[in-house]
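Below you'll find a set of structures to go through.
Next, two complexes with chain A in common: one pairs it with chain B, the other with chain C.
This part shows the complex of A and B:
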């Protein structure tokens, strides 16, 4: 409600409910009848009509259902930026870099607020909200129990104070206080999770990662994802030799399976794969059983432990057989880990992957998007792969279901699949994939960066394969609201426009390019100029082109103190001159001609002819004489021909004729070859 | 026309600059165009090209340079506004996606040429861009009729079917005579509670209660001003309990108690005298006695002796007289009532007009 903005003082009547109760207690009992039975004898209504009234049962739904239904009536607004940004022309992001920066700043602002709330809880002691919202209130982060005791240790573990917990543990051990196995295990959990580093630094890093994932899908898959990424991409703290976790593990009087599993998982997570394997052997020697998560971690580590493809697969198989022996039920993540390992097994992977998927089906485990992602990577990534139709089968499966995040790698699927579609140059597959992506909540798998990548790939494919009308329609639909085109996308679009012979759209595209801030991309400017100057167009289009040329010219001129202007190249200069000439802007064209001399470039014959035509049309003999002078000073072979043309086509005054005659010829060479090519043109 | 003028204006500038440049380069003083002469840096190119009118293009290079300096040391870092997105909006766009929820007025998103505010002297109200007056007022851009239709269609699943037997208001009233009214409130404050939401209004038509004359009169006397004589509706508003449910229960309790209380006849009610009556009743009143008395004596004087009181009461003249007296007593002395009374008395006493 707009008036609601005014604040708490302004309430609105949301619902004016008025209902009726019956007085008479009929055979059935109704909502209000219990309180009105006392009036039972009141109304003498006919029993016949009474029976006919069937009151419907009250419907119940969850708290968000109404909001979700209302939200489903809203579609994407093609002209707006993402909803998280301010809807204001000044504050809206212009390009991908901008939008990334803005979303990051928004998140960091949020984190700053969280930091203040966490570190200064004393200022947030009032509960204004009614009912109270606990998650908005500061948590207690300072330990409450003092002294050295098992209780204090437990509390610090709960608060994730790595250093303090280790200190208290050491003091307790020195004092000879016996510690329960559970407490020690939970301390190990803490140490292994954070890789023996203070959790605050982890927090900051977490915060950084948070930033990369915009709102929607971040919360759902944050925790496991980070953990896994850490494990395989060596970011985050590395496992150091003999760190606190190992030390504590060694001095533990008794160890159970949980201690071993925690250690293995921690080692895999922080990149100590060989150690993890040794630890696993120890676990087997101690006749303990590992749990499914430990096996998942070990399977993920398998490709790094061995060199050869077959050895890798053998090791993976070994873990799987151990699982069967220890009667551990595999879950979805196990199979995803196996497939992920198979990605790094080359040909073995391709032969085994489908068997693994079959096994999943046999065990009645529904594959997640990560499963399909791994499959696609196995079958399409790499060189010289035999063609396979697996993508269409995968798409069949994907189209049938709406997915929920289960595996951190789920998020990669849509970008991978789109990449495969691009590689196959199959627009039909891409359309199918896009449909699957828009189905249900699947769009949540694409975060800001992946979204941009996904759509720019899709758009490139569209430019390559589709009719220009369809491309332009998509371009209009997607451009600011879904993704920001990359320079490559613009090049693709230009090529598509060229192929469809729709060059009159170029000024509009140029406007977009200006908004996107690509005015300083040399390759883009050259493409624009060469397309615009290639053919002669009707006057209106030429005028619009000349405007674009003016913008491009501005990009080449010194603007700010800190910005180096772009270098003129011969072709860009020539094209700008041609565009100005065709639009009849002789003066502008001449200014550009002068730049040839200043930047030591040579104008082509075509450029000079265009300029001369322009001068003739606007009747500027001065300019043509200047041109001849310029050509002469540059020693161009075509200057003689230009001179003769000037003499023939313009009505020159006496002075002008004299000036023309007085031009010195530097290069007195013959212009036979150039006159040949000229005769073709005229 | 404006665009054309701008174009020509700019072209003029370019010509002038070109000439001066040519002069400079001939003199060999300078081989690059001075920064001041450039119409605009590419970054804020748009502002300089299209929105600044042609006149300002003619301002001297020094002035331009000064303006660059004013705006900041590095003009490249100065952001310009993008063109408002209304320019790109399709004519048949889905408006409810542009304004999905309540939001302040956004001039760049509302493709309407709105003006608002105090007009300048001999002018028009200011346009929408940067117009505070438009942001201040509440808008209903998110609640357009199509949007509401969409919402209703989407919310249909949450509704139960209306009982088909209750197809008219009369039937509703007949089967469900008690009407309960409550109000929910929303606001964007920190609290979702509103003290006014606890108020419960209960309405019932007295004719729907099983009351005899005595009970009804007693009930009306008990409830006082809560009863509306014209519509025959008893309204009980309860707000003394902190919760709505409690207020509802209390209202139902009040109604029950009132009903039973009005059916009771206390001992002292027999002492009710004429002054305590709620309305004038002619039967057995002194007026009836006097009228009959007079009539009987008239009859006696006319030697018609076989007339009983009952016959007299059934006669037209007496009935008329009764009605007019009742009207006079119950409704007050209006002109109509008085003349009616006069006529009936004349008829009763057989006085020729």
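This part shows the complex of A and C:
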């Protein structure tokens, strides 16, 4: 209020002042004007002394700006390791070997805990959680029913106890108790599934296979597939002759189709393919019908039963016709098995594969990733292939939808596809494949090992095909979080840097190589040294190169531990000398030169010249004399030129000149004469 | 009747009436709990150990975070027992590696164990122990247990007492 009044008062006073000025305008107008001008001047000068206040323009933000900024923070962190590792610099794996080791150690720790829970269930079986968590309770694996009876047998089968089931079965047969066909069939199922070995030793083997395929994020998908896959690989349990399954099969009073089918499937799973075929013939003779799983197994066995391409295809077609005759509907796995067989049928496979896929579409079966994997293998992986455009069509399909795992071979698709892109040297296909992998759940098909291989191949392709800025951007983003570069990747990166003439990035790459633990790889070291020492570079870069050379030198020296020191080659030794010389480190360079004699290697002319240049720059005539001595002792043809250069370019004292003259080398009396005459003249 | 009278006279002393008794409990030592006594100056002490309990919420945080002590919430005692067990379990499972008290955080069903380890063991052995601890404790307490580790090269000394 007071302020308002005061303000009003001021305003009134100002008005009054101006009125006064105007009133006095007449006779004393000049005075008024002068006063006003004085006032005005005062005002002007005060304005001038004040700085110009520039009001900034009002920023208008996009409505979504805040949300977009927040979204940009939720990207993949390019410096973090995989989620399963602890976020600590000591505990973070630096290269592929370490990441495998740590994930395997964690898994084995988990197995140790599960062992304890299984063996001491009494400490873990209190149910105090509401609701109860069944997956965290110990498994009740002890059979409840005692005695020898069919119920006991059924329970043992349910608990997967192979040996005990067989024992009880034998006891029952000896006692003469009649057993139902279903029970015997379920016993046969158990035996054929486990290949007549105990399921717990199977579990240990499973654990060992776990160790070979670490994949925590994909392990849920792979769990049902693991036994399947291992069964067909050569390291599964083999089908022994006259094992329990065969014996029980023979003594069965009656057999139905299920018995034959399960025997066939077990034999194919464990590698007794010829026997499986014989069993199938028996099944046909008994006029039974096989089911779709049996046919799938037989088709999988077809390429192993026959040798020639046409015969294999004929056998597969025979199985398919039988399937049609017995009115068994094929499913996805049937067609995948057919395609897998066609992979091993060469040219026949190529002509038939597309027909098979069309048949699949006609039956309204959605192809899975394994289908595409087999297709790509048929058309792109082989010798003397005609070019085809299958890959773009396949990528079209893959980009469209998110796949679920339906076949054990689904996991191989992305690796095969990336390999095909690399072979075709097409980076655009690779980008499309990446997009397909990021769609939906498709990333789950790649476990740790496959992920590393996939990105490694992608990076090699990038280095070959893309500009260096793009390559470096991908490199910074991908390693070490997505993949750990292999030595081949580092070599490709060096070549790309060389092609783009950006050799100053090399020291940074060397730091990464040290972290990855590749410092003892001979081909990598040679590549690094040759690239660094090829041309002259500005000084700071030269100093950085010299530091890298020092690290490489350290790798060649005995480290005191059991590691055998690396052997020097002529080129590596020479390059190290060149790098030290260019950076002005004369003493280090001379130490390297002495190594030439120790390791019986010959320095090139370039090396000697560089060393002389360095000695000249740092003004060490002693070193140059030592160099000439060394050259003479090694019997190099350039030693004369070196000697003359030393004489010309250096200011030598008397003693030094005498030493230089007295250096003996084999041959050439004329030179020694001229040197004698020189000394005579002096 | 005479016998009854004699029995009454022969009765031992009467039942004790109101009496003054002394009730003892084990000594509580409230003034000595969680305090490191000052010595010659050669005893290294971490920040956690150097501060007395009355500094909690002023200079220290809590070592165990759960909602059992809030108004209307149950289970404080069970949480305390679980905490004790967890600390002993971790002390034994990571032999000589724990550099400071373990911090336990409960978020909903999840139990987060934050431990500070030294770098005495190689990383793959530490990962073995991590996998083992997580799985065993999950099965024991029927809730997901997660271990978050940080390694330090040496014990972080706050002062010497």
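We take it that the second predicted complex is superposed on the first by the 568 of 682 C-alpha atoms of A that agree within 3 Å, B and C clash if a C-alpha of one lies under 4 Å from a C-alpha of the other, contacts with A are read in each partner's own complex, and residues count from 1 in each chain.
What we mean here is this: contacts are C-beta pairs under 8 Å (C-beta built on N, C-alpha and C of every residue); 3 or more make two chains touch, one makes a residue touch a chain.
Quick caveat: nothing in here was measured; it's all calculated off a predicted structure.
Once the two complexes are overlaid on the shared chain, A:123 sits against chain C while remaining clear of chain B. Set against each other, chain B and chain C differ in how many residues of chain A they touch, and the higher count belongs to B. In the overlay built on the shared chain, the residue A:88 is in contact with chain B and with chain C. In the superposition on chain A, A:108 makes contact with chain C only, not with chain B.
Look at A:136: by the touch rule set out above, it reaches chain C but stays clear of chain B. Once the two complexes are overlaid on the shared chain, A:171 sits clear of chain B and of chain C alike. Across the superposed pair, chain B and chain C both touch chain A at residues 87-90, 128-129. Touching chain C in their complex are the following residues of chain A: 85-91, 93, 98, 101-110, 112-114, 116-117, 123-124, 127-129, 132-133, 136-138. Listed in rising order, the residues of chain C touching chain A in the complex are 119, 123-136, 138-140, 142-143, 147-151. Here chain A touches chain B in the complex through residues 1-5, 7-23, 32, 35-36, 38-39, 41-45, 49-50, 52-59, 61, 65-66, 69-80, 87-90, 92, 94, 128-131, 476, 480, 514-515, 517, 519-520, 551, 554-555, 557-563, 585, 587-588, 590-591, 594, 598, going by the rule given at the top. Chain contact summary for the complex, chain B toward chain A: residues 11, 14-15, 17-19, 21-22, 25, 31-33, 35, 38-43, 45-46, 73-76, 79, 81-85, 88-90, 93-94, 96-98, 100, 102-104, 106, 108-109, 137-140, 147, 150-151, 153-155, 157-161, 163-166, 171-194, 196, 208-210, 249, 252-253, 255-256, 259-260.
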